[in-house]
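Each of the next two complexes has chain A plus one other chain: chain B in the first, chain C in the second.
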Partner chain A sequence: MSDAAFSIRQGAHAGEILMSGRLDASQCDAALAFLNAVKQPEVIDLAGLDYIASAGLRVILMTVKRCNAQGSGVRLINVCAPIYDIFHYAGFDQILDISRAAN
Partner chain B sequence: MSERHVSVPGHASQLGVLVRFLHEFWSDAKVPQATAMTFELALEEAFMNVVMHGSPTDRVARVDVSLAIVDGELTLIIEDDGPPFDPLTLATPNISANLDERRVGGLGVFLMRKMMDNVRYQRLESRNQLQMIKRVGNADE
Partner chain C sequence: MNSFLWARAPIALVPVMLFLIALVQGDSFKLVRLRTVLILLAVGAVAAGVSYAINAYAYEHFAGGFDAYSRFISPWIEECAKAVIMLYLIRTRRVGLLVDAAIAGFAIGTGFALVENLYYLASRPDTSLGVQVIRGFGTAIMHGGTTTLLAILSITLFERRPNGRWAVLLPGILAAVVLHSGFNWLLVKPALAALAMLLVLPFAIYLVFRHSERTLRNWLDADLDSKARLLELVNSGTFLDSPVGRVLNSLRDRFQGEDLADMLCLLRLHGELAMRAKGVLLLRESGMADLPLDDETRDKLAELAQLERSIGTTGMLALRPLMMATGKDIWQLRLLSR
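== the complex of A and B ==
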């Protein structure tokens, strides 16, 4: 497992957000604050994310709910297999737009 | 057989110590990445429950963690000296609810139970003990 610190930043366009590292309980307030400052997130790229805890799932779900209430959608892309498994166990694959990483 | 122990105060700032403890264990006992993440998640959820429920205002609980692999079976034991708290009694979230009805939060213990082969709680004198067991696959998986 990676020790990479959590990072969240804007991607190539305003609605693209890149997350990487470990989204554990200690990082969730910062992650949610960043996401809440993005008016209309469209894509959250999780290619660099190598760990997520239930506190991180809460951040994701709150963001998707907010966008849904605004009438927009958010896609989660490049999700690695272990994190996809966690999304699956939590039932997120049934209610969110999630794409797996290529391998 | 490989076995390690660590003891920390039940404060959220100690989460990083526990992560490093697990990573040191993984460096000795090679396990698949998915299994490693399962145990990291389970330990974080259990520890954060102690942080939230196990520390009355006048003191901080002590948390002892041990991890052992014996005959292909990983066992994680988390003990604390906080007040009695059985996380397995927490309500199960409805993961079949649609997005609008889905409640945020409440997934930690649910995921722990989903991802482990066996999770048990017991009160041992003045301590809570949570034991989680999972059979480990090959590190090349």
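== the complex of A and C ==
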């Protein structure tokens, strides 16, 4: 697991968001503020994310809740195996549209 | 119920009910459901009935006057009646954190106070409005507060000693009785007693609440992390090279191979279920609906119970340092099966 700094940015199109590094408690406010500023997030690409803490899961859940309330959905894509396992063990794979990164 | 009672009852009942509602609403993790609160109110009311019967009998055989009885005897009877319910909730892991213990405690105390105040109103219709205000703001809040204090102290001790029996309740009962008795002493100046309760208890409970939520968030972070690491080690096949794996390996002299295999399975399963429970807490905190208990989780809970039986008490004791089985760790699995 690398110790890359957390980064969140816009992807190729308006609804695409790219996350990388470590999403821990210290980064959550910034991450949530960024996500809230995106009117209608469609895809969150977690390919570069190598760590997520419970505070990070909270950010994802709050974004999903907002999108669900808007009637749109948000997909989590390219989730690496260790982080996918966290979503799975927490039971979130049952309510989130989530797909693993290709090996 | 006559019209007098209808008119006066809200004064005696509403303040404590509002405080209870504020506590339930203030819990970000929604640990105590409305149904549970209603049940606890009812059970608290039953405790008031039981206390009334015991008090009636004890007072008849008490040599001293009413003041002495209300300061030295009735607080013990009433706080013990409420403590029995709290003990049941703690021992069966129906509460496991300061927040849910505090809400449960206040709900029990509120149920108790509702019956006591209604009885008081019905049996003394000539009581002045001032006394009823004092009963509503003072006595009722006091009953909620003493049981909350009992709950907070007991759950804190239980967290440190998950297998503790009655002993974990004693400091809480003592503190509740002292507070209750102190309130009854102050009743020579009832307005002062009510004011003291109103100023001190709600504020103290609010502070405990905030502290508990912070602690819960820190625990969520730390434990989610450690369980994720444990599962990563087990799944990658490198568990036995880790510090925890080496501790498990060191048990070879005392346990047979199949027992050690069961222990490893149990560690893994416990880690998976602990993460699932944290998922439930995170969903509630985010205001999302709970996931229904799926077959996979139900099977895992059944398998965990089976493994615990197979490993036996000695094996479980040997595993305890590896599982960090504090009161919270045990409680969170109960959260899943509710």
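Points to keep in mind about this one:
Convention: the second predicted complex is superposed on the first by the 103 of 103 C-alpha atoms of A that agree within 3 Å, B and C clash if a C-alpha of one lies under 4 Å from a C-alpha of the other, contacts with A are read in each partner's own complex, and residues count from 1 in each chain.
Keep this in mind: contacts are C-beta pairs under 8 Å (C-beta built on N, C-alpha and C of every residue); 3 or more make two chains touch, one makes a residue touch a chain.
Given the structure is predicted, the values throughout are model-derived calculations rather than measurements.
Once chain A of one complex is fitted onto chain A of the other, the partner contacts of A:26 are limited to chain B, with no touch recorded for chain C. By the touch criterion defined above, A:85 reaches both chain B and chain C.
Applying the stated contact rule after C-alpha superposition, one finds that A:4 touches neither chain B nor chain C. When both complexes are overlaid on chain A, the residue A:14 reaches neither chain B nor chain C.
In the superposition on chain A, the chain among chain B and chain C reaching more residues of chain A is B. When the shared chain is aligned, chain B and chain C each come close enough to touch A:62. Under the contact criterion defined above, the residues of chain A that touch both chain B in one complex and chain C in the other are 25, 53-55, 57-58, 61-62, 64-65, 82, 85-86, 89-91, 94-95. Chain contact summary for the complex, chain A toward chain B: residues 1, 3, 22, 24-26, 51-55, 57-58, 61-62, 64-65, 68, 81-83, 85-86, 89-91, 94-96. The residues of chain A lying in touch with chain C in their complex are 25, 53-55, 57-58, 61-62, 64-65, 82, 85-86, 89-92, 94-95. Considering their complex, residues 12-13, 15-16, 19-20, 22-23, 26, 33-34, 36-37, 40-41, 44-45, 48, 95-96, 98-100, 102, 104-105, 107-108, 110-111, 114-115 of chain B touch chain A.
Those residues of chain C that touch chain A in the shared complex are 217, 220-221, 224-225, 227-228, 231-232, 235, 271-272, 275-276, 278-280, 282-283, 285-288, 291, 294, 297.
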